[in-house]
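Here chain A shows up in two complexes: once beside chain B, once beside chain C.
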Partner chain A sequence: MKSKWFVWVVLLPIVILFTVFMVLPIAGGFVIATFDYNPLRSGNSFIGLSNFVKLFSDATFIKSFKNTLMFVFVTVALNITVCLFLSALITSLRWSKLRSLFRVLFFMPCVAPLVASSTVWRGLYSPKYGLVNSFLENVLHIPAVNWLGTPAFVMPAIILFTLWADMGYNIILLSAGMDGIPSDFYEAAEMDGTNALKKFFFITLPLLGRTMSFVVAMTLISHFQMFAQFQVLAGRTGGPNQAGNVLTYYIYKTAFQAKDMGYASAIALVLFAIIMIVTLVQQRASRVDWGY
Partner chain B sequence: MKGRWDKTALGKQVAALTVLITVSVFVVAPYGWMLLTSFKSTREIMQNPGKLLPIDWTWSGYVTVVTKSPFFSWLVNSAIVSITVTVAVVFTSTLAGYVFSKFKFKGKTALFWLLLATMMVPYQIMMIPQFLIINEIRIYDTLWALIVPELVTAFGIYLCRQFCDDIPDSLCEAAVIDGAGPFKIYRMIMLPLLKPCIGALSIFTFLGIWNEYLKPLIMLNEVKRMTLPLALAFFSDAHTRDIGAIMSASALIMLPATALLLVLQKQFIKGIAITGIK
Partner chain C sequence: MRRVFSTTLAALLALSLLAGCGGTEPVDGVAQNGDITLTFWSHQETGWNEAQDVIINEFMAANPGIKIKQESFPYDDFESKTQTSLISKSGGADIYSLWGGWAVDFASTGAFSPVPDDFVAELRADSYAPVLGAFEYEGKCYGVPLEFNIEYGGMLVSVPKFAELGLSYPTTWDEMIRIARENSEARGVNFELRGFDFPAWDALTYIWLSMILSSGGQYMDGGKFSFATPTGIETMQKLVDYVKIDRMTNTDGITNAEELEPYHKFFLGETLMVPRGPWVVPEGEDEFGQVYGEDFEYVAMPFYGNQKLFAAETGWGLAVNAASANQEAAWKFVEFWLEKERLLDYNIACGMIPPVKSISHEPELLDAMPYLAPLVDILDGGVFIGYFNTDTLKEAVSDMYVDIINSGISVADAVKGLDDMLNAE
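And then the complex of A and B:
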């Protein structure tokens, strides 16, 4: 269809809003990164790539950079493994009511605001009254741990929380993918007497290629940008010995507490670069050129 | 194969169920602990750490939340922002999706790609300039700061375009021959056919805005103007020692979204499966 006025009337306000609140800010992010920019000062000077040079000698940046990578890779690997396993179990159930019940149940934490659920988990991890420690001591007979107060345990605690909070999405996507695999493949395998484990590794996993590639990419991208649980669980200082500090939180603190917005933008660009590289590598590695 | 209940098949079902139920217990446990703790007094929480059930059931935590904080202002703020943005996003996304799918105009491909490209950029890059712009147009520390930048989303437009592409062009062409204008076609043909897409888009837009924490943290300052997630962070900082009250506040904030999920479970599950929203 063609209708010049209609296209204009619809797109003009949309393009204006989009330019002001998306395109300009993105461009602005690149520009500010080359300035020594503090909004409270009147004069802010162009300093070229100095902000990026400063990164190499900034111990907090290096620490949060490493923490971010560690957090993302460990959490995503665990998330995908656990979700594949649980989705396979859910898909194997014969009664569809039960299948939907478990999907909704595992999805429940995904709809809660991360701040609220991490506040609850901060209570669960408390050495004084938390459920986690009383479970360890009374049921498993393992000595209690000060989860959020010990450098070695902060990140594992946040990873466990994030797994709990974010598994639901992938379980729904993966089990929908598994439901879509034609049953002839499994029936053929059963005739040959294949066991469940082999069916999973030689039929389900390869035929899930497209869904998997999408799920892994989305999970990676979203985990790089997580923020709330770090502020709540690691605390305002980034946790003991900075062990729970990540790039998103360091960017926030640098920009809005230290008001060093130029430097914060430079760190944000590094985060963007990592996300791009990791996503590209992942897409390359999981390219699928077939269908059924 | 299906329908035959031999012993091994039954055994496998039982084994799968056992694992799933065990995991479910761990998934639900934080909710149970939160609710039970919210009905204890803080003194009781500290003195009987190992005990799950409250000895003296008390509403005092909830009373603290409602009386010692502007909880209802926070609730209203959250509702205003989430509902306004959801309605606006559905409107702008369906209109723009329709235009991108069914109309020919100059620069269409380039504009659509620009839209998609912005989806790749993490919020951390644009948040600083966005904050400066919000400040410049004098809507910092108002609910407008949370509404205006969200009126148009690249994801919404992309999603609606995909769904519009599945609606045959011949339907629109037939309507044109009958003398229908572009807006009438949008209202009479596109909107009704886009229903599943609109359902999913509204659920997830609403939820995303309702749960948003970082943007309010940057854009708001005054306590009574806060939205719920930001308010909870503020509340738990102000009442650090009152664990009972913090758990009550958390419960009150988690309740609406959880209730929404339980009521609309089918739409949720279908919505994720058809859109891949994350």
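And then the complex of A and C:
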């Protein structure tokens, strides 16, 4: 009985913290979404679910919704694939200092604030003075591209930047997971004459299940919430033809520029629902029932 | 011993915290000796703040019982602090130097003190139409203008490039377009020379509005947007053709493709003509080291139609907080600032066009800023842009324009969609 009290007392601060900063804002968001709420007005009327109905006919919301899904699934898929490959390469290095060096190098972009690195990349993408076009024209001898000024190139440019900026975390996590796989499996495989590719697909990948499940879930969630690079690289109009507009940026513009907090809350709740559904599906799909 | 020490330390800490809650600031800005302290907020802009300091010091010397405490913030902080204080209707400053367009959101909420009747009568009689527009609400005025914000009527021209081409500056719209068309040179996505670089956040919208107005058209009908008129469609088609067919520039200025704005590219020598407000002239001299008259000049931009009409929004002005306990003293300070000689000095120091007719043609103004000459003659043709959030309009027009350029949508359909979207808000 005494120990139960102790557990409650220990848990109470975090329960209060979670309730005040997580549960109440979500509940508050739902309440605001049912109002035509503008903080500048003295009276705000209750409109039920009208804000949610409006979403279906809002072309900007539909475009942002599609852009968000495209960005998340393409970036996360590329991120996981590239990080797995790089982590395997780093783990295969025999010299531990070299392994540490590469981990630090890949992690460095994660230390820089996203806004600052986005601003630097905006300069790199400049059509006339940017290093990217300079490389295309002078090294590869192909015509320059208007990266952030052409609808078809805006999202690829943002995806490329996000990969560079965000791979470090996953490389650390995946290579740590790979380090944790007992060497017995590899030794047994080597005795059977298995090549490196087979070892990766039949030993490393299956035994990395728990780490992968965590990495994929966290990467999905964080990518749905990304904002800074869209604000900097797509700009205040969301890029040409809204090609770089995503839900987080649309929420920001609706709430703080148009001051339509009710509608912004409705969009935020949709984003919340999407993240929850995708995470639940992903967790169910990658459930791991074993250990070693 | 340890417990006594800890208790004493805790008590001292608590006392120091409580002491921090008090203060020597006068309650409601009134000190025990009856002196009034007014707080004045503005954004950080060295030249402007220095000119404000001069006025504040003069006022305090003339009114010993009133002190002005100036606080200036970086622009973004200033905007959010001002808006937060006006929304909450508590705290904040007694007097704000704010962007007139913000008044559209706040005048209706009772956040501003109305301009005293005798002062407003004098102001209305002397002011140009656009400068009071956003401050007006239901017959009352909730702020006073410090400038005539003009984004149409003048353009930067490159002196060496015109000389190299053996051309004189255009005096008609057709001539301007012909020069731009014949001398623009593109290489892939980049330009060697942009003839007339007009797609920019402000310039695109203001040029289109002036094209409509100067042709005798209207873009508002009974408080609703009505761009989908023959004039609205024809003029937008022209603007689209200048980029799609004539290739005199591209849409980089409104798509975030570059960090550089069109007038930055002009000062880097990439452009022949670029329309912009006169405030870019000092920036060209100070930031880019350009010499006025040698590297560039600011000349009159021709009108598209027969009438010299253009739209303008309410620029920087002063407003008094309705929550201020010392509104009378605050208005006294504002009236002091708006005295003609003082306002003229302030306008010259800040590179602004005066908002009132009585000083806009003063020789002193043109002596200090000769590049304003093409603008002061057209100020009477300024039409208040309309009582709405102008950023919403500019964003919608920019989006529509880029959409027309990049997709197959017709101008007529796009303009109709613009009306529907703006009128639905």
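Throughout what follows, the second predicted complex is superposed on the first by the 268 of 292 C-alpha atoms of A that agree within 3 Å, B and C clash if a C-alpha of one lies under 4 Å from a C-alpha of the other, contacts with A are read in each partner's own complex, and residues count from 1 in each chain.
Everything that follows uses one rule, which is that contacts are C-beta pairs under 8 Å (C-beta built on N, C-alpha and C of every residue); 3 or more make two chains touch, one makes a residue touch a chain.
Keep in mind that what you see is a predicted model, and the values were worked out from it rather than measured.
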item: Contacts of A:V115 with chain B and chain C, given as first, second, both or neither; value: first
item: First (chain B), second (chain C), both or neither touched by A:G48; value: neither
item: Chain B versus chain C as contact partner of A:G28, first or second or both or neither; value: first
item: Partner chain(s) touched by A:W164 [first = chain B, second = chain C, both, neither]; value: first
item: Partner chain in contact with A:N146 - chain B first, chain C second, else both or neither; value: second
item: Chain A residues touched by each partner, larger count belonging to chain B or chain C; value: B
item: First (chain B), second (chain C), both or neither touched by A:P182; value: neither
item: Touched partner set for A:Q242, first chain B, second chain C, both or neither; value: second
item: First (chain B), second (chain C), both or neither touched by A:G193; value: neither
item: Overlapping contact positions on chain A, where the chain C interface meets the chain B interface; value: 39, 123, 128
item: Residues of chain B that touch chain A when the two form their complex; value: 1-2, 12-13, 16-17, 19-20, 23-24, 26-31, 33-34, 37, 45-46, 49-50, 52, 92, 95-96, 98-99, 102-105, 111, 114-115, 118, 120-133, 135, 148-149, 151-152, 154, 157, 172-173, 176, 181-183, 207, 210-211, 213-214, 217-218, 228-230, 232-233, 236, 243, 246-247, 250, 253-254, 257-258, 260-262, 265-266, 268-269, 272-273, 276, 278
item: Chain A to chain B touching residues, read off their complex; value: 1-4, 6-7, 10-11, 14-15, 17-18, 20-30, 32, 39, 86, 89-90, 92-94, 98, 100, 102-109, 111-117, 119-121, 123-124, 128-131, 134, 138, 164, 169, 172-173, 176, 187, 190, 196, 214, 218-219, 221-222, 224-225, 227-228, 231-232, 247-248, 251-252, 255-256, 261, 264-265, 268-269, 271-272, 275-276
item: Footprint of chain C on chain A - complex, ascending; value: 39-42, 122-123, 126-128, 143-151, 233-237, 239-242, 257-259
item: For the chain C and chain A complex, residues of the former touching the latter; value: 87, 105-106, 109-110, 188-190, 250-252, 254-260, 391-392, 395, 398-399, 402-403, 406-407, 425
